[in-house]
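Take a look at the structures below.
Both complexes below contain subunit A, partnered by subunit B and then by subunit C.
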Partner chain A sequence: MDHLPVASILIILPLVYALILPLLPNRDKLLHTFSGVGAGLLFVLSVFFWLATAKHNIPVYQYVPWLPQLGINYIVGADALSWVLVLLTTFLVFMSIVASFTSINKRLKLYYSMIFMLTSAILGVFMARDLFVFFLFWELELIPMYLLISIWGGPRREYAALKFVLYTLFGSIFMLAAILGLYFLSKSIFGDGTFDFSRVSQIPHLGLAVGAQILLFLGFFIAFAIKLPMVPFHTWLPDAHVEAPTPVSMLLAGILLKMGAYGMLRLCFGWFPEAAHVLAPYLVLIGMINIIYTAGVAMVQADLKKLIAYSSVSHMGFVLLGLGALNAIGFKGAVFQMISHGLISAGLFMIVGTLYTRTHTRSIAEMGGFGKNLPTVYFFALIIALASLGLPLLAGFPAETLVFYGAFLSHAFQSIPWFGGTHLMLSIQTLTIISAIGVILGAAYLLWMFQRVFMGPIFPKWSDLKDAVPSEAFVLAGLVLPIIIIGFAPNLVAGQFSSEMTAMAAPYNHIEEAHNPVTTQTIASIPRSVIAHKKGESH
Partner chain B sequence: MTELIQNIWLIPIYPLIAFAIIVLGRWSKILPQKSGAALVVGSTFLGLVHTLLFLSAWGPHYEPISVSAPWLHAGSLTLSMGYYIDAAGMLMLLIVTSVSLLIQIYTHGYMYHDPGYSRFYAYLALFNFSMLSLVLSSNLFQMYVFWEMVGVSSYLLIGFWFTRPSAAAAATKAFLMNRIGDFGLLTGILVLLYFTWNWWPGPVLSFTDMSGAAQVALHAAGPVGFTIMALLIFMGPVAKSAQIPLHTWLPDAMEGPTPISALIHAATMVAAGVFLIARMYPVFTISPVAMTVIAWVGGITAFVAATIAITQVDIKKALAYSTMSQLGYMVMAMGIGAYAAGLFHLMTHAFFKAMLFLCSGSVIHGCHDEQDMRKMGGLWKHMPITAATYLVGTIAITGVLPFSGFWSKDEIIGASISQPLLFAIGVVTAGLTAFYMFRTYFMTFHGEYRGHSHPHESPKVMWIPLVALAIPSALIGFALSGQLGLPSFEHFVHYGVSLVENGPNFAVMGLSMSFAIGGYVLAWLMYGSPKLISPERLKTTFSPLYELLWNKWYFDNAYFWIAKNVYLPFAALSAWFDRTIIDGIVGLTASTVNASGGALRTLQNGRVQSYLMIFFGAILTLAIVLMWIV
Partner chain C sequence: MFDLSSLTVMSQQNLFYLLPEGILTLGLLVVLCLTIFNPKKTSEENYALMQVSLITVLLALSALAWTFLRVPVITPQKAAYSSITIDMFGYLMRMLILLGAGVTIAISHRFLEKNTRIVSDFYVLIMGASLGGMLLASSNDLIMVFVALETLSITSYILAGYFRRTIKSAEASLKYLIYGGMGTAVFLFGLSLVYGLAGSTNFQDIGIALVHYHGVVHPTLIVIMLMIVAALGFKLSAAPFHMWAPDVYEGAPTPVSAFLSVVSKTAAFAITIRMLLILFSGFAEWAVIWGILAVLSMIIGNFVALKQHNAKRLLAYSTVAHAGYMLLGLVVGTSVSVSSLLFYLVTYLFMNLGAFAAVIAFSTLTQTDEITAFSGLVQKRPWLTFGFSICLLSLTGIPITAGFFAKFFLFQSVALAGPVYIWLVIIALLNSTISMAYYLNIIRLMVVKEPSAEVEAISDSAPTSSALSTALSFCVFATLLLGIFASPFYQFTTLSVQQLAQQRPMVISQAIFQKK
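Coming up: the complex of A and B.
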């Protein structure tokens, strides 16, 4: 295991699939099977690699000189944070390919090739350890995504696809500027220009001014914020979702958005702690707006898929809130939310797709009473919707819990510096409480949707709809099973990246140490009898 | 064997296993249609036996036991799950397992012909799992987890007949109202943790350390902050126990099948709010303001709900308002420091209200799904067992000596004597209680039958649980009153040193009982045999008052108005803003770029060189800015 280029195998294998697919005979069944088996294999392989390395503390790292004179090297690797996202990716790709069996029926060769190319690019982003490689994979993802939306999408697919690409490119310009900024800085500091994560990440600690840190942070951040998506850069997402076919929506919500969250955590918050400390108030403020405002927008959507898309945006706000907490609890909550949201949002889009293939409508007003004819879909939709609104013992709850607890226990800021030296008197605690209203709003739009779509009397025109076919039930069960397992035993997931997040939060520890709510003095001021009494009780 | 008995965390696991077997078995079509009952009843029976075995092995000092294991670990915060059992917890365990068992047996008869028979039993098992876990929770976080889980069980069961629009709406409403309370509870927990999280000697938020934590929080937060925190936590019980103003979901919850109304919305889940107050008593008792608010919320709820109950014509809705009113008594008891009395009433109420609901179910079943009391009457002749047990329940709730309500409810009223206004509310509400309960009794069972079907007594499987519940309803109050030479309820269940000295105060009890008798006489005059006073005439005489009560003090209308005229417009405005302003700016940018693109076509020619130029332009800008800063 030590010498196997694990990361590269995982990145290249889907590319190989993408190249084999065009050579296969053009028979639908064969193409479906090949892709399904291939994706299943990729998932199994990633689990196997993960078990064989991470579980034995074997570092996954590969360094291949590429253009050394320019400081460009092919460096890939995986730590715990990468691994959880890699596993999420291979799993969701497998699920969405099985979901494609029923929902995609034209130009399958190109379709599956593009899905695998997309997979490769995403895995590359999660495992790149060199900024140049990272940026390459980041941009590579655009091509398959553009084609997937613009060929297999709905009526306004070209508009949506173009909007998606232009938005991302707009962000990429800033990221590229930040990358090159770091490159030139490394040149002046180290003597040789480099894109290597491990070296570039040192730069902010070598006496770089806070102002410069902030600029670099923002350069990366804009690109990631668009991907996340963060209000007000989110309007590409509802359009993309509405036009994209179901499996592509699952990948878009399930994994693509996580590229933004992942980048924020590793690059912005991981590398520029001082900038993060300055900017955290604004990020938390926007995170709160993400949660509350888009929940309101979701509430009144007439289009089921748009409702789910806005709910997805709303839930990604928790990632911002968790990151802005600047402590291990919040970071952990943010990562947990990436995983939970990945499973749950993919599940919600699968539900929408299952209904769409039967009714060919996404209008909530035309739906109703599906629970009667589609009991399997009904129960899975129920579980996924409950998970999404943060019901305990399902995957969404531990993520939200960690984010809320992390943010509320944080001392990242007491007020938000505003124009002209004024301050907005909003502490992170206040913003957390306002964000927590999101648990009410989330329940409101999800359950109201559920009531209108699945409950009540069935419309006569839908009275002969058939329940989920095996492949659909497989996908739904496949997504719901981990949602339940993670919900019951969240430490199974949280334990994987625990020490990693503690280490990532280490540069921020001084914030907490400066404000300790229970100082020795407060404890001393409590009557001894109370403590003695308590100790006596707890024996 | 003793080890098995010691592991009381297994008690909630039995129904969870039953739930999993039913869900998987029915989905894969391996299990036959009617197998749910045996599994679920079996699991509950096992739980009851386990509880009793544990109880017998637990003595003689009944020391609280607390065990925790980490559940979710992050940084310096570890959230745990485990179990904690003390007298109050044991009381709840006994109530939940015994009442559940009887109701699950009854369900077999009530739901026999329903196509969702096994789904119903699966939900019942899920509820039992959640409720028992809540009762055994070792810390506040765990309690929050199962607090939500009982909420979702309630949601599923209210919306059990989901094809009915009214049931679907009631389910959503119940969940959302409870979510508002949960929001308060969640933020209350966060505030508590904020001030104490470095302090906890054991697992954070554990009930064993709560009194020390309350002191720490009080010192760190100051009295105002501490009171706000206590009131936020209290929001949870306000919603769960249907206290004003978050009560409107409970009457609507009657859309669920009647066994659910008996189990969840009368005997157990709604009492969880009172139980949470009991668990968090170390926090509430050191905040006088919070205690006063709790007492008044309870008192007002008791009174308002009783006034609404007197106008209801749906037998289940009348009982629902009665439940709300009795929960008000319990909450009031907690607020005035009568911890034991509140829990005593929780117990007696669980038995007699479960029985009353099951009786109403028997009536509905016997009258072929009729719930309107105006179309009943004279059912005494057709269903004597149901009528007799309903009468026992009515007398018990009214508080007539020596039935159980007399001992528990009147103990609360007696304890409130130091606060004259609350005392007055308690006594007047006792009179109203007698009036509305006997009103339902007379309307349902006396006089001539006014419906059009052929009422019949329910099958054995339904009336045996009724009779079984009638025994504690009648006797348990007296048995534990301390008057029989047996140890009293307070001997087992008490909080520290009792804050209020309240042995039975017979003068007070006499007063409230005379009000009760007054209520009974009035009910008899209006709805009993002679019908000396016409309800219709009173309706017209006191028309504005009647309108107020008939419209349930307009709470629903107010909430509906807020949702329709405040929140939905806000949401619509957000959606408009999103489409028109934010996306409009994006579109405008695009078209501006497009227009200037025409002018700059030479630049936008698709050549890599020109893109590189743009990139280098950006870099140059950045470099200049960087140099300027560094």
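Coming up: the complex of A and C.
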């Protein structure tokens, strides 16, 4: 295990699939089976590698000189944060390929090739340890995604696909500028240019002015915010979701948005603590707007898929809130939310897709009473919708709780600096409380949606609809199972990245210490009797 | 110690180094004789002649490799009464020209068979032009420069009008001849002024003689610069001297367009770089002139390419844009930027030839090269689409392909040269974003859209020439390979530029300045 290039195997294996697929004979069944088995194998392999390395604390890291003259090296690796996202990716790719069995029936070779190419690019983003490699994989993801939307999508697919590409490219330019900025800085500080994460991340701590840090932070942040998506850069997402076929929507909501969240956490918040401290108020403010505004928009949607898409944006706002808390609990909540959101939103899109393949409409007004003749779908839809609105004992609850807990305990800011030296008197606690309204709105639109779609009298034209076929039931059950397990045993997930998030939040510890000297700094000076007394009191 | 082998080589004026050119000349004569003495040939005989030409080029390539490995060029050598320089830069450029010629011969056979009865003369002309290009790339003397340039040019004029019964081809040839004649005249005038100023035609002598003028604004020198820039800019198809390019590329037979846009341009870049770095290394005024040319080429090339409906014309304008990017390397003129420019030339050769090969393959299948006709090609010819897409992605500069690294090296070398040049990089980046629109549009049509009538009409049994598909695969493979393993090639270009720098008279001039 020590010498196996684990990360590279996981990145290259889907690419190998993508190259084998065009060579296979053009028989639908064969292509479906090959892709399903291949994706299953990839998932099993990733779990196996994770158990074999992470459980025994074997570092996953590979360094291959690529263009050493320019400081470009192929470096990949995986820590706890990467591993959870890698496992999420391989799992959701497996699920979405099984979901493709029923929903995709044209040009299968190209379709599955593109899905696997996308997988490879996403895994590359999560495991890259060199900015150059990171950027390559970040861009590589565009081509398959563009084709997946524009060939297998709905009526306005080309518009949606182009919009997606243009938005992402727009962000990439800023990221490229930030990457090159760091590269030139590394050239002047270390004497040789480098893109290596471990070395580049040192630069902000070597006396870089806060202004420059903020610029670099924002360069990365714009690219990630578009991916997340953050208001006001979110308008590509509803279009892309509505036009994309179901399995692609699952991947888009489940994993692609996580690329943005992951990049924010590792690059922006992980590398530029001072800039993050300055910008946190605005990020939390935007996060709050993200949650409330898009929840409101979701409420009034007549299109089922659009409703789900906006709810997805709304829930990604919690990631921003958690990150903006600038403490370990908030970070943990943000990562937990990525996992929960990945499973739940993929599930919701699967539900929409299952209904769409039967009714060929997404209009909520035309639906109703599906609970009667689609009992399996009804059952799973109920669990996923409840998970999404944050019902305890399902995956959404621990994530949102952690985020709120972290944000409420945070001392990141008491007011927001505004124009001309004025301050908006909104502390992070106030914003957190306002954000909590989003949960209520979420419950409202999800339950209302559920009621309109699954309850009530059934339209005569839908009376002969068939229930979920085995492959659909498999996907739904596969997504619901982890949702329930995580809900009951949240520590199963949180335990994986808990210590790493604590380490990642270490540069921010001084914020807490400054506001709460009793708990950390002066604890030694408090007489033992007092502590004992307090303990006794609490019992 | 006295080394006998080196003595014999020296006494023969180092002609050993010119073995590849010798082989090429010999093969050219053989094919020419076979053509003359048997004018009415069958298809098989034509195919055999193509094979002979291809083998000649391959032999010349292996001779090039052999001479390179046999006598490593540690310091630049002179040959043929020092009218030829043998250095790594020359080797690199000659290799590119031979590769380009080989690919051109391979992609042209089926196309020529379909369109004309006279096939074999074509190979003679291609080999002749390549010979001129190779000599041009390594010349060290103004006379040699002019003779080699004319060998390249005159064969190119004939090649452009190769389909003499087609009006467009004849027009292309005439246009090219008139523009080219003007260019040559201006160039010759410029060279004679250089001779008048320096009193020698040898590069080293001129370089030393011109050292006196460093830092002095001398009217004759300005005139020389403008004349040489105009002539070389014409050859490089850099704006505003690019007017001929789209018409000639569209009118000429497609393989000729490929040859002109790649091989002829490579040779022109070779002599431009050599003259600039050796002869005129001490003159900063060039930077401004090349800078204007570069910006104009990028902008005009890209914006006009956006509006094209014909794949050949689109590629023609895009070559203008690429010339613009490459000129950025000359503007800065640091050793890093010039070696990045060389790397760009290497990748440009493969990706552009690959794109032309794909267009030829498509037009032999459908008899058209309108862009809209490419729609839905993936459903009929997936591998052709794949190859074409890789070349287009590389031309755009999408990661993993060679084109990305070429642009990355070049732009970062320009940006590193100083804050003044950042603006050039920004313009170049904006331009590559614009180029995305028209390159990726073709891929979009081929992959996303439903098949066009022309594509629908391609029968599954329609044959693809094995030589053409091999050449296309070779180009695609090289494009991918250069992307993934860019490092050794980049090292080679760096070494080439170092050897060029050794030949400049700067060492002396710096010494003079230091004494002051």
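Note that the second predicted complex is superposed on the first by the 516 of 539 C-alpha atoms of A that agree within 3 Å, B and C clash if a C-alpha of one lies under 4 Å from a C-alpha of the other, contacts with A are read in each partner's own complex, and residues count from 1 in each chain.
Going forward, contacts are C-beta pairs under 8 Å (C-beta built on N, C-alpha and C of every residue); 3 or more make two chains touch, one makes a residue touch a chain.
Since this is a predicted model, take the numbers as computed values, not measurements.
Of the two partner chains placed by the overlay, only subunit C lies in contact with A:Leu136; subunit B stays clear of it.
Legend: residue contacts after superposition of the two complexes on their common chain; A:Leu180 is shown touching both subunit B and subunit C. Within the superposed three-chain model, A:Ala212 lies in touch with subunit B and out of touch with subunit C [touch as defined at top].
Residue contacts after overlaying the shared chain place A:Ser150 against subunit C, while subunit B stays out of touching range.
In the superposition on chain A, A:Pro22 contacts subunit C only, with no contact to subunit B. Touched residues of subunit A, counted separately for subunit B and subunit C, are more numerous for B. Touch criterion not met for A:Leu118: it reaches neither subunit B nor subunit C. Touch criterion not met for A:Leu307: it reaches neither subunit B nor subunit C. In the superposed model, A:Gly495 makes contact with subunit B only, not with subunit C.
Contact with subunit C, but none with subunit B, is seen for A:Leu67 once the two complexes are overlaid on the shared chain. In the superposition on chain A, the residues of subunit A touched by subunit B in one structure and by subunit C in the other are 173, 180, 184. Here subunit B touches subunit A in the complex through residues 27, 66, 70-77, 79, 144-146, 148-149, 152, 155, 159, 162-165, 167-169, 171-172, 175-176, 179-180, 182-183, 186-187, 190-191, 193-199, 201-202, 208-209, 211-212, 215-216, 219-220, 567-568, 570-572, 574-575, 578, 582-583, 586, 590, 614-615, 618-619, 621-623, 625-626, 629-630, going by the rule given at the top. Note for the complex: subunit C touches subunit A at residues 378-379, 382, 393, 398-400, 405, 409, 412, 415-416, 429, 433, 444, 447-448, 486-487, 490-491, 494.
Contact residues of subunit A toward subunit B in the complex are 163, 166, 173-174, 176-178, 180-181, 184-185, 208-209, 211-212, 215, 219, 231-232, 234-236, 293-294, 296-297, 299-301, 327-329, 332-333, 369, 371-372, 376, 386, 391-393, 397-398, 401-402, 404-406, 408-409, 429, 432-433, 436-437, 439-440, 443-444, 447-448, 450-451, 454-458, 490-491, 494-495, 498, 501-502, 505, 516-518, 522-523, 525-527, 530-531, 533-535, 537-538. By the touch criterion given at the top, residues 22, 65-70, 107, 110, 135-136, 139-140, 143, 147, 150-151, 158, 169, 173, 180, 183-184, 187 of subunit A touch subunit C in their complex.
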